[in-house]
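What follows is subunit A paired twice: with subunit B in the first complex and subunit C in the second.
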Partner chain A sequence: MDIDDILQEVDPTVYRIPQEKRDLQELTRAWIAERSAPELLPWPPNDLFERINAAIKRQIERVEELTGDMDPKSNFALIVIQTELERYKYLVRSYLRARLAKIDRHTLHYLSSDALRARMSDIELAYATRHQALLHNHYLSSFLSSFPPNLQNLNDAVGGISMIETPDLDTAVIIRLLKDSFVEGRGVDSDGALQMKEGDIVILRWADAKPLVEAGKAELV
Partner chain B sequence: MPMYGDLGNKLVIHAKRTQGLAHLPPYQTELVRAVTREVRDLNRDVESLLEPFQGSFDPTQDHATACTLLVNHLSMRRNKRCLLAYHRTRTDKLEEMVWNGVDVADLAGPQAGGGRGNGPGGAADGGSSSGSNLSPQEEDYVRQYSDLLAAYKGQWTDIDLTGSLEPPRDLFIDVRVLKDAGEIQTEYGAINLTKNSQFYVRQGDVERLIQQGYLQKLG
Partner chain C sequence: MALPLPPGLTPAEVSFLAEMELVTVIPRQRLDSIELLSGKTPPLRPPHRADLPLWLALLLKKQRRANILPPPWLHPDSLREIIHQETTVDPQAFSEPPPARHPRADPARPGRTLPIHQDDDGFILSPPFRPGSCTADAPVGFLPYHWLEVAEMLLAHAADDIGAPAGEVRGLLRDLVEVRAAKLRNSTSVLEGFGGGLMSLRGVGAMELAESRGFVLSVVDGVRKIGASTEAARREAEEEEEGADASDEDMGL
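So, the complex of A and B:
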């Protein structure tokens, strides 16, 4: 998959791409975006992962069928399919791990509100909840339980500083514009604003890029 | 005379050092206990200071007491942060080991002989030396976390989540055997992995063995 594929995908005139291919493109985009965004992005909607899982399962079965065949021609096909399968699996794995790393880093933050919880899949939510419970338990049994009761919380916000760490939304990201749009960015010394064209690439803070990405006007690269 | 927070600082230094190490250094049981004790003492001080006021303490009337209270208060919170940071650093490290497939029994069982020799399932670097370096609570934690991870991974049966995070380039790779690993089954028949031999195998089949240090990827 290369840039042309990505560009083609967002071209509204192309509708005849088969579902499987669209799923792969969607996965690739989600993967790229997840790896560059500093905060957890919403779990892909529309059962994307159910379809991906089914596709992987189908290919694995296919490989098993072909393995018995000693015909050199199908043997070559087998290697191609297996390579593709490994790459597909890598995408999924890397994507899931990237998300998990973010969830582990700021577990309490992502559990703190319904809107943030909704970004996780059911399995991720279960994982995060359980992980946090384990950690808390560990702290309690290691030292917290012998603390005075008013100091046992993990979510104090005394002195205006919350104990819950949040991701840094001001980290720089690089985005590519998908539609002509007006881009505003905050700088250190002064803020900037620019009228930009489709295909332009710009580096700016995630907090500024987020609305554009969510509106489908830009994508992370 | 030691000051409030000195002990907490030591913990942070330990944590900082842990981050750069391949293995997990011993748990500082004494230090953790001492810092916790300091918090309790401080809290007792605060309570005894406040006692004569019967809940009607006015900071603007008595600056000296207010200042003492503030310092005590901040010291307690600082100690708590130090403790949290120390424990979190260690659990992060432990989680990383669990992800890397270090055998939990090896990590947690200080009495197990397998911890020293590299017996079957002998863990990669770090695993063997950190056997007794865990606190009992940490051993529990590792066990529970492995269960949690196994449960999460169970939802993605077709994708080995603990697999390599390097993008796969080739289906087949050259590997050299570093430690005897016995016989493994592949689609193309069984391979006997004896030390110093070299094979051309499917990467997916030997991923785990590479991670555990039995095989080395070549080229």
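So, the complex of A and C:
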């Protein structure tokens, strides 16, 4: 925190949503997006996850301290704190599991280029790499080794068809506009382009929605 | 399996989200501020009202520590107004979502105001965190995004706080659900010719989307897959046309 942040915090003319609330909004948004998007989305920036994990850890320590004193007054507060803690843990768990499910499904795809690798956190990347290595070794020892050498690859692109399965980026998604924006969507018979208002809920292809979501003009619902 | 759920939020997950909506409570007991992960709760001092997340309000209600003040849009008159809007005024579209409140003057553009759900860094809150959706100061006659889940939960756990006969509110809600479900079903006729590539469902609720999303999205995907060759041919033709136009211009030059 530098002097500007401190000044901004005491400056009553600047309206700023408190950090805890922003973090919860961002975590929820990331979770909904990950549950709805057909492909793996980038790992949230600005240490959002590290911050939330640290807060959860601190809160667990507080619960441990509070359970020590048997004051009936703090008893109810403890129930509330623990209920909220469980809600946070559920969000985090569901978010990570949604990501893992996508990584598991298209492991080779997400390992195939640096841009795609950058979407994973360090732990996810380590998991994907080791999981793929184990799987490859297993395939090799159980059947691949008896194939002719030119058929042993798992990532061939012979005949124009790649062996690596990729997620279908044209899958339809539902988004909500956060700002008035110009929305373009590709369709079968014709393409659409409309000026839309904040709060509009739109069905369109993920490939068309992606630029809006990345620019912060829309969110997945 | 890391996550054995289909893409898109399930109804259970949507009601989990709806539990984070803020509602207004009237405390019956004092309760000091509690430091939660999402920030400090307001200290409860009867009979002063306070805004709390729905899950906490329901917990307090169960322990008889507080009463919940129902949001104004849940009043029978407001529901009747919305039903009138949905059936008579505009039988095609969903009723409008609640308007954004603009309490702050915009320093950059004099005379203009800024919405309350957006802060000066440009950070935007969306449902269930958007202020003034289900609290006592919510606007009358507008359904917020999580209307059905919040209404159902209040009816199930705080029916005595609703202020109107619960049966009447239930009946009106059921009418509303049916009117709007019919609209969502009718939208499939638009989907059949999902040619434009865009379909707007302004005003739709979270639970309504969760219920129909599997059907609606698979129709859209199905239409795309069936029409994939048509679309490819159309794009090729358009490209050729553009190319032809360009070469025409070249000739002219």
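Note that the second predicted complex is superposed on the first by the 206 of 221 C-alpha atoms of A that agree within 3 Å, B and C clash if a C-alpha of one lies under 4 Å from a C-alpha of the other, contacts with A are read in each partner's own complex, and residues count from 1 in each chain.
The criterion applied here is as follows: contacts are C-beta pairs under 8 Å (C-beta built on N, C-alpha and C of every residue); 3 or more make two chains touch, one makes a residue touch a chain.
Quantities reported herein were computed from a predicted structural model and do not represent experimental measurements.
A.B. asks: Pick one for A:Ile203: touches subunit B only (first), subunit C only (second), both, or neither.
C.D. replies: second
A.B. asks: Once the shared chain is lined up, is A:Ala77 touching subunit B (first), subunit C (second), both, or neither of them?
C.D. replies: second
A.B. asks: Name the contact category of A:Met120: first (subunit B only), second (subunit C only), both, or neither.
C.D. replies: Touch status of A:Met120: no partner.
A.B. asks: Could you look at A:Ser190 and tell me whether it touches subunit B, subunit C, both or neither (first, second, both, neither)?
C.D. replies: Second partner only.
A.B. asks: Name the contact category of A:Tyr90: first (subunit B only), second (subunit C only), both, or neither.
C.D. replies: both
A.B. asks: Check the residue A:Asp104 against both partner chains and state whether it touches subunit B (first), subunit C (second), both, or neither.
C.D. replies: Both: A:Asp104 reaches subunit B and subunit C.
A.B. asks: What is the contact status of A:Glu219 with respect to subunit B (first) and subunit C (second): first, second, both, or neither?
C.D. replies: second
A.B. asks: Please work out whether A:Pro18 is in contact with subunit B alone, subunit C alone, both, or neither, and reply first, second, both or neither.
C.D. replies: A:Pro18 contacts subunit C only, not subunit B.
A.B. asks: Which partner does A:Ile174 contact after superposing on A: first (subunit B), second (subunit C), both, neither?
C.D. replies: After superposing on A, A:Ile174 lies in contact with subunit C but is clear of subunit B.
A.B. asks: By residue count, which of the two partners contacts subunit A more extensively, subunit B or subunit C?
C.D. replies: Comparing subunit B with subunit C, the partner touching more subunit A residues is C.
A.B. asks: Check subunit A for residues that touch subunit B in one structure and subunit C in the other, and list them.
C.D. replies: Comparing the two interfaces on subunit A, one with subunit B and one with subunit C, the shared residues are 56, 79, 83, 87, 90, 94, 97, 100, 104.
A.B. asks: Inside the complex, what are the residues of subunit C that reach subunit A?
C.D. replies: 1-3, 5, 7-9, 13, 16-17, 19-20, 31-32, 34-39, 41, 55-56, 59, 63, 97, 100, 104, 107, 114, 119-126, 128-129, 193-204, 206, 209, 213, 216-217, 220-221, 223-224, 227-228, 230-231, 234
A.B. asks: For a test of understanding, state which residues of subunit A touch subunit B in their complex under the given definition.
C.D. replies: 53, 56-57, 60, 67, 79, 82-83, 86-87, 89-90, 92-94, 96-97, 100, 104, 123, 126-127, 130-131, 134-135, 137-139, 141-144, 146-148, 151, 154, 156, 158
A.B. asks: Help me check something: in the complex, which residues belonging to subunit A touch subunit C?
C.D. replies: Where subunit A meets subunit C, its residues are 13-18, 20-22, 24-25, 28-29, 32, 35-38, 55-56, 59, 62, 76-77, 79-81, 83-85, 87-88, 90, 94, 97-98, 100-101, 104, 170-174, 176, 178-179, 183-194, 196-205, 208, 216, 219, 221.
A.B. asks: Which part of subunit B faces subunit A closely enough to touch in the complex?
C.D. replies: So the residues of subunit B touching subunit A come out as 32, 35-36, 39-40, 43, 76-77, 80, 83-84, 87-88, 91, 95, 135, 137-138, 140-141, 144-145, 148, 151-152, 155-156, 158-161, 163-165, 167-168, 170-171, 187, 202-204.
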